[in-house]
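Each of the next two complexes has chain A plus one other chain: chain B in the first, chain C in the second.
On to the complex of A and B.
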């Protein structure tokens, strides 16, 4: 019997109906909340409002090239993402290795490390904003006690320190997440390869490099992928901490998109920028996923 | 079994439907208005007024309250999508050109005429009414002014007397005083210092609001007679050079200060002068917040090449064009902005927009700063009236902030700002 005929047989139709009914609500939600807005944002990214009315075309995308603010915000986003990702990964890996070992109070350490991650980002932003306040904040207050001159340590207010401050806050909040995923990865590694390495007489460093790291690679790639996607669209902490300032020093692409859409009401241009960000995120994710699959194929 | 369950469900549904229609019926003869207000002292006063109005009239007033930044978003989304969700909207006056030029607001004069009035009450301060008209000052009326904010100049009378300084009539006087105070008060009683001046130069609204009075006093104008951006004129650059110079006597990090930081310094007595807004006045009378009770003097803005002018920052109330209850909304609007009701708003801490209230003996006895506030408001001027003000203020503010943080020289900052403002206007064409 040809495949198509069998597909439409009465029995098959009945069998297909039930799954279809079950999937329908999810599909409806997906269509109305994801697919429709996506198509709508594509259409508005191709529209420009002028005095003469709405004009269709790629003006919004062309405008990106001459917009200094856009490129600066993009550069800030990458500086932020790369710096934060590096610190979070190294610290997270270190902590995971440390707390994977049998040390006393391990449970307490693990639990307390997770606190920052459980706080809403907005709360983290507000708390750090207060702590980083140059005149009344806890950080400069503590430094002053040690006799350090804090007059020029204005943190979020200084064009030189502002980026460093917002990165530090992100590292503080999200290192625990990296730690948690890597710890789970470490604990899933079986004991046998370690025993084999021990018998072969490999040093601790060799064991780490040739046993732990390769076996941890899937976890590493997943956590890096998740963090990268999060970092590229960072918004809340920076919005609370500096609102993109001083000047433009910490304005990332998400902040600039937000400003364009909800302060200047230029939804078309904001949508165009969002698509560029989406494309970039996709390219970077694809690279990670390729690495991940290459690993699995091995 | 199955049938009885079905019956039970349908019975419940019918009952529920009946109940909701009953509720609707009981409310149908009561008029309803929806009001969008800001959080903070301005919005609270209007909210209270709405509650009073409800008690006196057969009207239910629904209140949608939002923080400053969200209010603008919510209102503009409603206005653009023509939903008519709000019957009355409260707005900061720089938003007005965007709303009015988009033809989103109801013209008020016909509504006034239907009530036997030819125009708005002549008791309103001219400068406050001017920002309710589109085009500015000359056009038809689209709003009424509710809160009469305009910038004021705050300075420490006690320190000025101590160091026999001349009152800050000009910006040159301000600089001399800032320098003297900073040098002579470098170590206070507990090793703390008093900064000569404090300003807010965070990008956006803050930096621009603190710069405009200096810019205007130096003879700068954002646009020339043809409407071309001209912030990089010699006067404009000189004004920014002055701002940066004055910034040397401002606490470190002022390039990211907003109103909160400025007032924290003034209230703690760690800074001697600033441009400030009336909404903060009550804090200076509050012993739990202020260490400078009775020491702060309030006056109009200093002059330079030109007479000092404050930036106006009035809160206006308008009726969206797509409101379905414009007549009822107008009744409320006239009631809320009447002298009697505005006096109650003044008692709740908002400066009025009526001359008779600024000179009302009871209010003056309570708020000794009213004469200075009236002088400031009457001579105030608005931010440049353009529907693209948000974009322009954002770009201009970034460069002002960069000049103050030392990233750019004043001339470079002004040149780059001018180029960005030009771009914004080009796109609008």
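On to the complex of A and C.
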């Protein structure tokens, strides 16, 4: 047996002691603050308070099916996630392709484009409340200067434009992230396939479609996975920008759970809804990971 | 000629993206520096106005944002330190020791999966747990929760950095009579110091920016973080735009400093180590 293997392998109990001591604190923290809360949450979700006391059962889950607010919030979440993901991906890919070339000031462009995604989401909310304010906001003010009638453009206060506004803010904040990961992916692609494509006389479009995209696929899948997870659970920006309003127009599932738990203090129902969200994100991430593994196996 | 056109087109597109990314932040900074008269002027003055620091004074001296700032700093630094110590030990064990029953990949994946829970899923039970422990409205509650939140990230990042190091160095230290812990502290940690620093900065940013847990767990002035303090003013009936912008501007400063220091590791950190950019 080579020496290095003996040093790092744990063949008997004594050699297991050190790694066990190293890992134990992390396991303790995660078990008590991630796993125990989940179990606790399951028990809460199975309890309903009635006049006669606490009743156990699946009432909270049954209630989901007849709760129109829940399904509306679900629909909003999907509209938000799909629209934002599409825009962020296309814009981020475009920017990455633009910057994946020899141009002057590339470092400066890259660093400045990253500003939005580093900001605290609360600050993003403040920034865009200032931009979109119908009375003194920069957007309407600038439109007015060009002689455009802004009377109906109340953005986050308008039932019709509110969803569009919060999606646009997400795109503003997170396109840089997609751009950054895809740019890193592009720069990791070796030159040889491009030279081969050039010799074969492929057009730029063919090269992009048959060389760049397939080689970029792992980066694309990772960035789509991370964005999808974040979009489905979106809370902060919408809470600051509209608090789910006007009315219910921008209420996503996380906001509805928050409202149920911390405004109406119905923790059982909130816990039940949160498990639907958890199941949803798990299924979707599992699908992405299947694709990723299929790619790695090739 | 056509090549030149394409090149300038590329620059025009990039400039447009740049303006789009930065103008809103600049606009907020101007609001924080404008007197009330200038704030509501129409058309809005983008460049020409008389700057004043009154909102900064108002926010941090009279309106209590100084205390939120202090809480944010204490919570971010303490929770980052805890997560780093606990996480680095676990990462070292997972990267360097062969555990039985394929525990290395299994444990690593399990640890990662705890980070994938949507925050709202754990926010409800954590609120009830902290209420039972009488820790609501304390900085301790946030430190505890942020430590657990950052831990999977630290484990994954540091596991990657340890795996990048050749094993010979530790073996040499061991032959020289060092204990394994001694080899970790004296030989390995200095070599992964840049990675450790990058991981720390990421944890600081995440804790500094975090909003949902802070909102749920702290509602008093003494325990509130800066994001919660700012959000509280936004949703009030009459909003003091200047004060809010001044507080938001100050909240950005450490983040920008950190981000500049991080450039090299940004992609790797943001993708939980999945992309080594």
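The rule is simple: the second predicted complex is superposed on the first by the 287 of 298 C-alpha atoms of A that agree within 3 Å, B and C clash if a C-alpha of one lies under 4 Å from a C-alpha of the other, contacts with A are read in each partner's own complex, and residues count from 1 in each chain.
The definition used in the following text is that a contact is a pair of C-beta atoms (placed from the backbone, for glycine too) under 8 Å apart; a residue touches a chain by one contact, two chains touch by 3 or more.
From a predicted model like this one, the values you see are computed outputs, not experimental measurements.
When the two complexes are overlaid on their common chain A, residue A:274 makes contact with chain C while staying clear of chain B.
Shared-chain residue A:50: touches chain B; no touch with chain C.
Of the two partner chains, chain C is the only one that A:185 touches; chain B does not reach it. Contacts of A:33 after superposition on the shared chain: chain C is touched, whereas chain B is not. Taking chain A as the reference, the larger set of touched residues comes from C, when chain B and chain C are compared.
Judged by the touch definition given at the top, the superposed model places A:136 against both chain B and chain C. By the touch criterion defined above, A:112 reaches chain C but does not reach chain B. With both structures placed on the common chain, the touch criterion links A:60 to neither chain B nor chain C. Once the two complexes are overlaid on the shared chain, A:77 sits clear of chain B and of chain C alike. Of the two partner chains placed by the overlay, only chain B lies in contact with A:247; chain C stays clear of it.
Shared contact residues on chain A (touching chain B in one structure, chain C in the other): 135-136, 243, 262. Taken in their complex, chain A has these residues touching chain C: 3-5, 7-10, 16, 18-20, 22-23, 25-27, 29-30, 32-38, 40-41, 44, 95, 98-99, 101, 103, 109, 111-116, 118-123, 125-131, 135-138, 141-142, 144-145, 172, 176-177, 180-181, 183-185, 187-188, 219, 222-223, 226, 229, 232-233, 235-236, 239-240, 243, 254, 257-258, 261-262, 267, 270-271, 274-275, 277-278, 281-282, 285.
Interface residues of chain B, counted against chain A in their complex, comprise 72-73, 76, 80, 201-204, 251-257, 261, 264-265, 270, 388, 390-391, 394-395, 398-399, 401-402, 405-407, 423, 427-429. Contact residues of chain A toward chain B in the complex are 50-51, 63, 66, 69, 134-136, 151-152, 154-159, 162, 242-249, 259, 262-265.
Interface of chain C with chain A (complex): residues 7, 10-11, 13-14, 17-18, 20-25, 27-28, 31, 39-44, 46, 86-87, 89-90, 92-94, 96-100, 107, 111, 114, 116-129, 144-145, 147-148, 151-152, 155, 167-168, 170-171, 174, 180-181, 205, 208-209, 211-212, 215-216, 226-228, 230-231, 234-235, 241, 244-245, 248, 251-252, 255-256, 258-260, 263, 266-267, 270-272, 274-275, 277.
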